[in-house]
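Below: a set of structures, written as structure tokens.
You will see chain A twice below: alongside chain B first, and alongside chain C after that.
Let's turn to the complex of A and B:
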């Protein structure tokens, strides 16, 4: 078990720098999820920790050891790949035993560890099978088993669930979380799926264009996003963004509607800003309301089973409302309100969060 | 569910396969049957009369010490050529697989020998090793080794083996290289994390995974050594000295066109035909079965 420290990591391929100055401190036993859109450099960061890519600048420490120039095998890590990377010509047992044999463990020890992992992952009856005779979920388990038997200090996962179907993905997610609870080993997990990030992580690292946008617990990331990017990336459906301007007594939207803001302190030093609100925080009523409520047409409704999403537009901007079930009437119009305490304010220029003065 | 599209019967498919059938008949079935027929004939020295002798030509061949010598020589030659060209190509491909910088240049250079005609390749090696003017012979002489493939049978054999192998390395390299490129990179990375160094990764991961390619090339190289090396041998040694480099295919030519023993030569070519048919069957029968993983 070990902590992982990244100090000003950069990575360049030729002249293009793809990871800029990434620093982070991951504590021992934490489940870290690095999340970001595809091509943001999150996998590159993971591969640098694994030693599969050289770092162009900065330091990586695992435990208290500087590992920049260590071979992958000497870093006491194990990695699970997106395509599982099982050795197709070896059976499940040998896939798991391969690394142990190279570490020169005794036959008895290898047998013990493989059986232990097989039992934990319910692979007992498949030990003699080749990878191609297994289903996607089973292959996934073998890949985990291969990482597990090494008893590493850090587990690295590179989008391990993205090749599974939705149901299996959920199941494996739960198992992974359990595994982490039992082992207590540091795990670093890369994904583009914000649901996986929210459900698995002790600490989320949101990466965009090779930079860390925010590091924090899932609650912090969700409730106090540091930028428009984080706010829009985490949460499903994503946060709504509406350009607005200061005006007398509130914030005026593009269609002229004024969000009353007498009692809320809005960032006063900027005239132009962007207002964000989560879909589930918008209040909706199909009864006519008066001041402070905006009348909107509902374009269409997406039913999710447990709830529904209403789509509407304000000026050119699409707005999504998330609602619980209940009223099954066909809704075509209604009145909405933006509760002042649920609003976020972002800079018009760079999307960074604007602080409200009083808080 | 229908597995294939059904059309009304039409003569069109027969027209479409007709050219291929025609080529097979004119250039393979007809000459092959002629060869089989010829292999049962004996002609007198002046070509005035022929006699049908059934399998006498074959019986004579297998009781002929020279023929059996040639057969063993061919086996040795093929084994040597196959081993050298496969193993060097494997090494080159493994190295090229790790090259990132000038990969294209390196690959192109390695492929060139394949574009050289056998006779030209033979001439090239002959000049290099020529006992009087050859550069290699000159250097060998400097270190005190007397090279002369014109009188020394072992030298001659070594030379044609080298020349024939050199010619085939490019072909093998291409296949090995393609096979290695097809292995997912993450497999190699997983092995690296598991603690395998480059050499062990090669023998425990890469080599087993390209075994279908290896098997295919093994058969192709044996066929090459048996049949396609005629040009090189003809250019370099003409089968000599004293038949030291005469392999089966060269003996067919020698006995038939130089010795004018048409019946015996035809019988030899029929035997070669049987060998190549056998190799092809092995290829088709086992290539998909044995090397599965």
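Let's turn to the complex of A and C:
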């Protein structure tokens, strides 16, 4: 059990700095998900926590201990890799036992821990098999088992589910969450998949280009994104963004439609801004409506089974609406409205969230 | 080939059988010659069917030796060859694995320089550097010794290069997993790399064993003591017998014996050998 503290971590490979001044405080027992697009530096951060990469600057503390100069094996962590990194010539039992043997645990203790992990992960009947005789999901479990038997204070996962098919991924996600509940150990999990982030995390860290964009609970990240990047990255389908300008009557979009100002709290000090709205928050009607509603053509419809996505355009901008099933008429046009309380406003310059002037 | 047309089948078999005959015929003749007495082997026409002196010849070769190497039993020469070939094979594998390990897994100054220096020795086999190498071996008093026979042949760029390629295909995560598990460099080498490369080692062993076994020039140069003769140079000495006609039956018997160990090695390690050359999954 341990907390993990990152203080002003930087990392450079040669002259290029890929992680800039990252600070975060992860509490004991939290499930942290570090999420961001590919190449943003999330693996590098994780590998620095593991001790596989040295930090170029800053401090890492696990528990109360400064671990900057400790070898990975002395950091009381365990790591699960994306490609599992199982020892190909060892059977499942030995894959799990290898680390324990090096730690000089007794034979009995090793046997006990491996059996325990095998039972938890339903690997009992595969203990004598080689990794290549296992399916992807089973290999994944073995990799988990190898981490589990170490009884670490922090689990580190680097995209552990991304080599699995969608169904298994979901199943493993649920099991991982259960495992976390049972063990209560701090877990740091890296992924590019925002669904995994939303479903697994107690706390999400959104990373972009080597910088932390926002840290918060899934609800905070979803409902109060700190920037356009976070808003666009979290949520599927992503938030719609529409450039807009102040005008007398409210906010004028690029096609001339004006979102009426009467109930809007618009940040007043900027003329140009970007309006964001989640697809499921846009109201839709196929009956003709009056003022405040915008008539749009529906370009096409994507059926998801549980609901559907409507694609339309406003000026050059694509707009996605998410709707529940129900009306199965073939929709080609309709009227939409942007509820004032569902709008986000972002800076035209740097994409940061603009504070709404409270009235 | 999936096709099973009779004509294709016939032709492919025909060609294969021709190939087998071509390779097998000289060996058959060797065997036939080894089973007749010396007198029969100087009469024309030469026999094509085995005679009944096989075991006599075998005993004779093992106990007395032949021609210039008279008094040197074939058994001793076989032993010398075996020791030399094994020393070369194990030495080469050990040295080249370790150098490949250093080059792939450690960052040290002039790493690539060292790699290319090793690589350049590809152009310098023993035959090219035979005089300086002889000088060195002589100065180290290793003439007429197993060390002298094997050490100059041990360093190998090819094998180093091969192991380097093998190690490069081992995913980095494996090393990282081992580091987290607490394995240092030596543990990683012994517990992970060695078993992973076992098919490559086997393939290399077969190739290098035969390379060592077939050495002719180098042993000829540095052994003056008859006790250190190897079988391959021994055969040559037998043919050069001066005062009498070559004892073909005994020479052929010796040749037959000289062929055996490489054949045993190849057959014994065939499965691993093929795996080592073709397997890509690590």
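Basically, the second predicted complex is superposed on the first by the 358 of 359 C-alpha atoms of A that agree within 3 Å, B and C clash if a C-alpha of one lies under 4 Å from a C-alpha of the other, contacts with A are read in each partner's own complex, and residues count from 1 in each chain.
Heads up, the rule we're going with is that a residue touches a chain if its C-beta (ideal position, glycine included) is under 8 Å from a C-beta of that chain, and two chains touch if they have at least 3 such contacts.
No experiment lies behind these values; they were computed from the predicted model shown.
Visitor: Identify whether chain B and chain C fit side by side or clash on chain A in the overlaid structures.
Guide: With chain A as the common anchor, chain B and chain C collide in the superposed model.
Visitor: For A:130 in the superposed arrangement: first (chain B), second (chain C), both or neither?
Guide: In the superposition, A:130 contacts chain B only.
Visitor: First (chain B), second (chain C), both or neither: which does A:238 touch?
Guide: After superposing on A, A:238 lies clear of both chain B and chain C.
Visitor: Between chain B (first) and chain C (second), which, if any, makes contact with A:260: first, second, both or neither?
Guide: neither
Visitor: Would you mind listing the overlap between the chain B footprint and the chain C footprint on chain A?
Guide: Shared contact residues on chain A: 50, 52, 71-73, 77-79, 81-83, 85, 87-89, 98-99, 102-103, 146, 150.
Visitor: What residues of chain C sit close enough to touch chain A in their complex?
Guide: Answer in residue numbers: 171, 173-174, 176-183, 187, 191-192, 195-196, 198, 281-282.
Visitor: Name, in rising order, each residue of chain A that touches chain B in their complex.
Guide: 50-52, 71-73, 77-79, 81-83, 85, 87-89, 98-99, 102-103, 130, 146, 150
Visitor: Which residues, counting only chain A, touch chain C once they are in their complex?
Guide: Residues 47, 50, 52, 71-73, 77-79, 81-83, 85-89, 98-99, 102-103, 132, 146, 150 of chain A touch chain C in their complex.
Visitor: Which stretch or stretches of chain B touch chain A in the complex?
Guide: Listed in rising order, the residues are 184, 186-187, 189-196, 200, 204-205, 208-209, 293.
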